[in-house]
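Think of it as A, B, C and D in the order they're written, each chain with its own count starting at 1.
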């Protein structure tokens, strides 16, 4: 069965999407003259500010490109669907945002992204631009606790990018922005479930098979299989399974604050996400924690995959301040 | 084999990647993100475009053009891996006008080396290295008499290597997060590697 | 086949969703003490301000409840999925927002909503609260031009509510707010397509059947059949079909301004919506019009239906000012 | 028929609506929004809850409680329509302790009137009025001897009326936007109306 999509040709989907994005948000972002796959904030980069470059494959919108703007990322390198961008657009981003204070790369921990961003970093260094890298690794389902560095970056990017973007916007040094980014990442935990698969514009075939009544627990945001398959359970039980995993990671004490993201994977209605949030908040309260900041919606999607994830970031005063700091992006804003 | 012959071989490989697109996507869907066929066919498609106007180029020039084209079209994991492989092949052929049996062996060996260096995978990690590695070893164990023999021997070894990934636990790439759930599936990158070498051998056979 | 949903029990889905919403957005909205189905803006109602009450069935989130907040709707009455709210919560909304300057009801033109809101209006009048009503009728596919009053209200609610909410926020009189609302509605036009059906939490069965390769043109936001069924066409052709219909309604002259909403029905990725926007903007340019304001995303959904609609509002100076006026809602903001 | 008997009849109808939920949703899916079965079963479920503790109430009291419960549970189109119908029935029975054949006829006629007034539909508009209208007319044409006869006669006429909606072009409600595409489908509200009257008649028959 061929899946249905509103596209022209699968091979052109990403480029045409970017044209549509540029037309919709010309006040906030622009396309780099050096590469059609490098999207730059209109009001982000400035002298003395660390340039924050994010990026990754397409198909997760509003991640990544939607988070470019004042107070968050300065530029985004855009890959094909579920494919890391090549070094060229990454390097174009670097040149657009480098203002002498160094550049920080932030992206999810995937082999393809690491290789391409590393190549771009090497090229930047040959041009005497200092580049640091922080990988996001928030997906608790993707590796055990003693192998955190092997975990995937998923919806928790949202908080980690936000914190680092705010730090850069406060004109912290490269050392400090890097420290904040690592700190935020180390306190951000996500787990998700998939109910129905996604399909690529170029294949229009389901990426994987999820039979009637079954869901995939801990799946990746590219439709990668998760840790197990289960029958679809009631919302509260799904949330409990996720929260148990997340709480096992957070060394939070009574009264500590967290911020919450209940994220839809693409085809799950807001209704279901808010039903999940009800239980998420109950569990946070039961654990003696305090929620300060809740986001519910499609922030990191997998094309038309059905499912959802929950992310908690364990706040401290600094992270709270950075998460609350205003930002204005094409598809997201705070303050 | 001149630069133009090399170009013809790469174009034949591009056609093979187009034909294998669905199969490779389906394999990648089992333990990855279902796009490996797209990456390979787009990458070789970009090579085709880049080589189109290129005639009378040296083997090094052909491989360098292929590397650049593949890298910038694909990104993903396969982009840097194959781009590095092609760059290594380009480097090893520097100064040579034609490719004979020895140079052909150097190509396979240096491509495998490039992939190993760039990806930092080990043999048995369930990656394309489990096809390129055996190919490289097989060709180093023998003394091939012709370019065709090099690619035939390599292709056979790569094919066996790719089949053996079915029993491997993934340690690199997306599938590495699946633990035991990666067992029972062939690695798509290893399968495409075998298909590349097979397409090259078949092209040479047809044109020999 | 039973569709998959992250819910507990279908009968409780709406109430649990509202609990989740209230927990997520307590800074902006609250639940009326008089009815759990009446959601009130924290900072909206005030002396001298016309109270703007919107409402309708659930399942369209962020429409309607997401548009409650300062500068937009003062309260929202929430019905069951795809069902008008009963008079009780509507009356509760009226009492919450009535501050002596009268109350305006705005909702989509559906038989059920009209009957329930009219009953509530009668009850309000018995308590000496003046209530006016403006129905939205932006769906060009739902009736011919000479029967505009029979058309459905769909995603265009977004612009019509926004304009009226801004007018009320400017402390215009009831007469004036009503005039603005009718004016905005008369200049707002929407048409959509559906690619895959939705399913209700209580039935978990597809509401309608859309075979492989086919789409429904001009369908309603409750999965009501549209004007025709066609094979799924390339994005540009789909947009052209929609734009041809919309342009036939707009008596715009060269250089006139429009604002655009490319709206997803729930399961259609942002990628596809932006691909549509690319063509929408091209068509607007070809028609000699100017876009000032583009929104792309899931603003008026039909649960997990796949598909999209395009809305144009033909601006004049007043509408431009009102659409641009800041508002801050639970799921939407401007400025 | 006392108020308690009336209550029992409404409870039996509630059970029938539960049983018809899927069928009515499916019918509504063809030309509407697929929720009519939910509306009716939730609405009568609310009546069940409201009447649970109510014993020794007058027929007027029972209908008034039913009206309030249905309205606030359902909303939608069916909410105001049936709430108005029940309120009309409550009004017409004012002062009566029991329901005989004449009062039963008044119930059917006043419910049909209430639906017509609230919905402003005409006969032939493809709505529930095309079941309630024929029921009301049929019962006014005859001189029924018993409550059972009233509901049997009404149910038969409603059933025929509901069947006839298949050939009608919808002029009211959601389906009105479908034009000729509303042809060939029965109106879900008309079908549920016929099922309600049928459930009432069946309940009376079983308990007579």
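Throughout what follows, contacts are C-beta pairs under 8 Å (C-beta built on N, C-alpha and C of every residue); 3 or more make two chains touch, one makes a residue touch a chain.
What you see is a predicted model, and the numbers here were worked out from it, not measured in a lab.
Chain centres computed from CA atoms place B at the largest separation from chain C. Centroids of chain A and chain C (each the mean of its C-alpha atoms) stand 29 Å apart. For the pair chain B and chain C, the distance between C-alpha centroids works out to 53 Å. Remark: chain B and chain D have CA centroids separated by 72 Å (rounded to whole angstrom).
Between chain C and chain D, the centres computed from C-alpha atoms are 32 Å apart. Across the assembly, chain D contributes no residue in contact with two or more other chains. For chain C, the set of residues that touch two or more other chains comprises 81.
Taken as a contact graph, with one node per protein chain and an edge wherever two chains touch, the assembly forms an open path, each chain linked only to its neighbours along a line.
Here the chains touching each other pair up as A-B, A-C, C-D. Here chain B touches chain A in the complex through residues 22, 25-26, 29-35, 37-39, 42, 71-81, 118-119, 172-179, 181, going by the rule given at the top. Listed in rising order, the residues of chain C touching chain D in the complex are 11, 57, 79-88, 110-112, 115-116, 119, 142-143, 150-152, 200, 202-203, 205-208, 220, 222-225, 227.
The touching residues of chain C, counted against chain A in their complex, run 1-2, 4-9, 13-14, 16-21, 23-25, 58-59, 61-62, 66, 81, 193, 195-196, 201, 212-213, 215, 232, 234-236, 238, 266-278, 281, 291, 294-298, 301, 303-304, 306, 308, 331, 333.
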